[in-house]
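Scrolling down, you'll hit the structures one after another.
Okay, so subunit A shows up in both of these, paired with subunit B first and subunit C after.
And now, the complex of A and B:
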C-alpha cells in the first residue's frame, strides 16, 4: 500500500566473516580453539596485548575528561581513597543553564538541517537520474563530489573572504551563510550514501515497475524511492550532523557562533563546565553516528563514512 | 515511456538552489524549458540536470578557490611567483616543515597501527561482539577530531592531566622528558586518535580480501612466509596501505580545530593561514595568505589524485 517492499538481494545480505569463505568448513572448529592448529600462543598474546593497549588509548582520554568534568577533587589529591568521592553533575547543569549555549545549539541544529536539505535537493534528483537513465553521469558526480576533499575549510575560508566579502558583502553576515559551504563538504558522503542506497534496491527496476503500473513522478519519488532510501537518508543526515557539530575552522574565522566555537570560548571562562559540555557533545555525536552505523549494518548497506 | 519520467526532476532542484543564490535561478530556468520543449533530446536532458549542481559547486567552491589561486600568482597585480616563493621561505618555511612532519608522522604511525589493528582482528571469531563494535567505533572515532577531542587529551596528559600527575607520583616526569601536547610529538599522539580508525576503515576490506587459499597455494609451491608476503600479500595490500596513508596525510595536514585548541600560536600551515587572515595585514601580506592556501590546495590535490589511482588498483582484490 504505501512503500514498495524490496526483496533482499544478495548484495544486501551482510557477509559474516567474509575471509573465512574460502576455508573448508572442517577447519572452523579447530580455528576457534585458541592455540590450536597454526595459532601459536605467543602470537595470540601479542594480538591481545595490542588490542588492549589500543583500547586503553581510545577509552582513557574520555575517562580523564569525565573525571575532570564531574569530580571536584584536584588532580594532586587524587589517590585510591579520593577516587570515588565528590563526583557531581553540577558543572554540566551549570553549563546547560547558559542561554548562549542554547542559542549556539539552535544555530548548529538549523545549519545541520538546512545543509542536509540543500544537499539532498542538489544530489538526490541527480543521483536518481544518473542511476535510472544516464549512468555516464555517475563518473562526473563521483569526481565532482570528491573535490571538497581537496579544499579543507581553512583553505576555503580565505577564498570566501576574498570573493564574497567584496562581491556580496551582505551575504556573510548571517550565520546561515555557512549552509552552502557546509553542503559542499557534506557532498562526498551524502552522494555515496544515496548512490549505494539506490544500487542496493535496484532503483532502475523499481522505477520501471512503478511507471508501468501507472505511477506518476511524485508517486515514484515519494512512495517508491524515498521509503527504500530511508537508511541512506538517515546515514547522510547523521554524517552531516556530525560534520556540522564538529566544524570549527570555517565558523570561527567567519566569526559565527556555532556549537564548536561556543565550546572553545566557554571552556576558556569555565574550564570544568566547558569540559563537561564538550564531553556531552562528544558522547551525543558518537551515539548518533553509532546508531547510523548500526542501522546501515542491519540493512547491509556498505556506505563509506569517510566519503571515499 | 512516451513521456520523460524524470525531466520533472530538474525543477525540484531549481527553486531550492535559486533560493540560496539568485544567479542560479537564471541558469536553471532555461534548462527547464529546454527539457520541456525538446522531448526527443533525452540524453542531453539528463546532462542539463547537472547544471544547477555544477553551478552550485562552481559558485561556492571553485570560484573562491580560483580567486585565491589567481591572487597568489599575481601578487600586487602583476604576474609573478614572488608570493608563492615567500610562502615557503623565511618564517613560513617552518610552518610547512612542521605541518609536513606532523601529517607525515601521523600518517605513517597511524597507518601502521591501523593496519596492525586490521591484522589483529583478522580471523578473530571470539568474542563475536568485538569485530562489529570495532567497525562501528572506527566510523565514529574517525569523525571525532576537533575541539572535544583536544579537550580530552588536555585532561589526560596536559600539564594538569590525570596521567601526567599519576606518572609524576610514580617518579616519571612527562614534561621533563620533553613531552607536551603543544609540540609535534604531542600533537601526533592526539591526531592518532582519529587517524588509526580512519586507516582501519580504509585497509580492513583489503586485509579481509587476502584469501586463505592464496597462502595455501603459495605454501604448496614451497614459498615460506617471507616469500609469500613479498610476492603475494605485499603487492595485494600495497595500494590500499599507501592510499590509506595518503588519506591520513591529507586529513592531518588540513586539521585545524585540534591544533588550534592544543597550541593556537603553533607554527603549522593551517594556523599560519589563520594568522594572515585575521588582520595582521600589512599591504602585500594578503598575497602571502593566498599563496599559503594555494600550496595547501595543490598538495591536497596531488595527494588525492595519487590516492584515487591507488584506490582503483586496490579495489581489484578488496572485500568490503
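And now, the complex of A and C:
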C-alpha cells in the first residue's frame, strides 16, 4: 500500500471568494450544462410543434390582413381561387398621400423623443445613485416605477385633467400634454433597461475605479458610465418609442391626434387603406428593431439589457 | 511612496461593527497584507483607506497629512479590484492612460508611460484589445498597470487574484510582488488566502471580527502566533497538552520542549482566552473557518496547550511490545514531504509531516511512535 489516503485535515479548504455577497466575482465563461449537447428527439418534436403553432398564430392573421389590404378583390371573394389575383399597393399609396398621417406621425415621434428625454432625465441619475451609493433604493425604485400601471389610464387621465383644469388650463390643450403621461407610463421599462445595464457593467466598481484615478463627476458620467450604458440606453429608447407609438388610451381620452388614434380614425373611413398602413407600420417597426439588435451585436453589446 | 497610518479607526454598518479601533502603520515602500476570513473587516479597512467609506471614528494619515475626509479622487491612491473593473469601452492602452489623461499629462509623456508599463507587465501584444477580448490574467495586469500609471502614493489591492485560476494566480502573485518592489510603492493587499499573504507580504496583518489580531513578518507570524486564532489561520497546527515539571520546564508528548513566550497576547495559564479557544486534542486545518468553528464547541481545559506545527513532530514505526502506541490512520504525499495523520490514545488526531523518504517505512494502520522532534524549535503555549 502506498500513500494515497488524503486525510480530512490535510485538505485545503478555500474560503468563499469575495465578501460582498450578491456581486459577481468575475464574468467567467458559463459552465456547460450537462447534456446540453445531446439532442432528445421527443423534446425536439415538442419544441418544433410549439414554434410552428406559435408562428402560425402570428403569421396567419397578418397574411389575411395583407390580402385584405393589398388585393383589389371584394372581401366575399377572398378565397383560395383568388390567391394571386389583382394585388396592388394603390391603397397604401393613397393612405400615404394623406397629410394628416404625416402630421400625426410627427406628433408621435416628437412625443416619443420628449418622453424618452424626460424619463432619462428623471431616472438616469436616480438609477446611478441607487446602484453606486444606495443599493437599498433599487427595490424602492423598481416598485415606484411600476405603480402607474396599477392605475388604469382612465383614472389617471381624469385625475390629472381635473387637477390641471384648475391649475394650468392651457396645458391640456397642447398635444405635448401627453408627455408627462407617457413618461410615467414608460418608467418601468426605462428604469429596468437602465438598471440592468448598470448592473451588467458593474457600474459601482467602475465608478470607484474612475474616482480613485482622479475622475470628477462629469468624467465619471460622460466618459465612464454613458459609453458603457449605450446598449441599455438604446434599449430604453426602443422600448419607450414602441410604447409611445402604440399608445391609444391616453391619446384618445385626451382627444389628441397621434399615430395610433389617427390609424383608428382613418381605418373607419378607409378600411382597406387603413389596414395597409397598419401593416406597413408593423413591418417598419420590426425592421427597425432588427437593425438595432444587429447594431448592438456588432458592437459586442448584445447582452440582455431589457431586464425582462 | 508614503507612510500610511490608520489611527483608532472604527466603522459600523447599522449594528454590525466592521472595524473596531484599528491601528495600522504601513511603512514607506512596504507591502502589508490584510489577511482574515470573510467578514473580518479587511475589505472595509481597504475601502476606508481608498476613501470609498468614511470611518465613524479615527484618522487616516498619509505622511502625517490627515486624509480622512479627502475624497478618493484627491487621495492619489491606486486601486485594483477583485473583478478587474476595467472600462469596457476602452482598450488596454486607453485604460492605462485614463488616469494620466485626467491628470492632464502631455500626450507624449502619457504615451511613454503607457508603453513603459505595457512592457513591464508584458502586455505589449494585447495593448489594443478590449477587456472582453482578454483573459482574466491579462485584464488584471492592465488593472495593475492602470493603478500604478499615476504614480500613486499608496497601492490598494482588493483580492486581486481570487477571480483567477490557480496557475495564473501564482504567476500574477509573483508579478505583483516584483512590480511592487520595482516601483517601490507602498502597498496594502487584502486577501483571504494565507499562502498568497505569506508569499508576497513584508508583513501580514491577521484580522478577525474587526480587530487586528497580529501584525508581523510572515516567518514570525508562523513561528510565533500571538493567539490560537492566528496559529490556526496561518498554517496547520496541533494543540497538545503541555505539562510543567517541578523545575519549571515544559514537556509535550513526554518530551521536553522549549517554550516561546508568544508574541505578546498569549495567555500562558490555562484559564485565559487563548486556552478557551483550544479544542480538546485537535489538529486543525489551516482554514480559519475551521479554527473558528472549533472555538465554539470547546471545553475549557484546565491544562495549558502547546501549539505544535506538523513539522515539529516526528514519527517512527513502533517497536514491538511498546505501549501505549499511536496508530497511523492516513498518509498523503505532498512532494517534498508526506503528511501523516496519527490517532493518539490521549491526544486524539495529530498531523505530522515526514520529510523526504522517511515515510517509506510507514504503512497506514500500523502502530507508530510520535514525539516532538529534538531541536524542532520552540512551541507556543496558550
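To be clear about the criterion, the second predicted complex is superposed on the first by the 227 of 308 C-alpha atoms of A that agree within 3 Å, B and C clash if a C-alpha of one lies under 4 Å from a C-alpha of the other, contacts with A are read in each partner's own complex, and residues count from 1 in each chain.
Note that a residue touches a chain if its C-beta (ideal position, glycine included) is under 8 Å from a C-beta of that chain, and two chains touch if they have at least 3 such contacts.
Keep in mind it's a predicted model, so treat the numbers as computed, not measured.
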| said: With both complexes overlaid on chain A, does A:150 touch subunit B (first), subunit C (second), both or neither? | reply: first
| said: Let me test your reading of the model: by the given contact rule, A:211 touches which partner, first (subunit B), second (subunit C), both or neither? | reply: both
| task | Going by the touch definition up top, name the partner, subunit B or subunit C, that contacts more of subunit A. | result | B
| query | Given the touch rule stated above, what does A:281 touch, subunit B (first), subunit C (second), both, or neither? | reply | first
| said: Tell me the contact category for A:181 with respect to subunit B and subunit C: first, second, both or neither. | reply: first
| said: With both complexes overlaid on chain A, does A:224 touch subunit B (first), subunit C (second), both or neither? | reply: second
| Which holds for A:264: it touches subunit B only (first), subunit C only (second), both, or neither? | first
| Residues of subunit A contacting subunit B in one complex and subunit C in the other | 15, 17-20, 23, 211
| message | If we count contacts the way the header does, which residues on subunit B are in touch with subunit A in the complex? | response | 1, 5-6, 8-10, 12-13, 16-17, 20-21, 42-43, 46-47, 49-50, 52-54, 56-57, 59-68, 71, 113, 116-117, 120-126, 131-132, 135-137, 139-149, 151-153, 155-156, 160-163, 165-166, 192-193, 196, 198, 201-202, 208-213, 247, 250, 254, 256-257, 260-261, 270, 273-274, 277-278, 289-290, 293, 296-297, 300-301, 304, 308, 311, 319-320
| request: Could you please specify the touching residues of subunit A with respect to subunit B in the complex? | output: 15, 17-20, 22-23, 31-32, 34, 47, 50-51, 54, 57-58, 60-62, 64-65, 67-69, 75-76, 78, 117-118, 121-123, 125-126, 128-130, 132-134, 137, 140-141, 144, 146-164, 179-181, 183-184, 187, 207, 211, 217, 220, 239, 242-243, 246-249, 252-253, 260, 263-264, 267, 274-275, 278-279, 281-282, 285-286, 289-290, 293-294, 297, 302, 304-306, 308
| message | Which residues of subunit C touch subunit A once you look at their complex with the stated criterion? | response | 37-39, 43, 50-52, 71-79, 81-89, 98-99, 102-103, 130, 132, 136, 146-147, 150, 156, 159, 162-163, 192-193, 236, 283-290, 329-334, 338-339, 341, 349, 351, 359, 363-364
| query | Once bound in the complex, which stretches of subunit A touch subunit C? | reply | 1-20, 23-28, 201-202, 205-206, 208-216, 219, 224, 227-228, 300
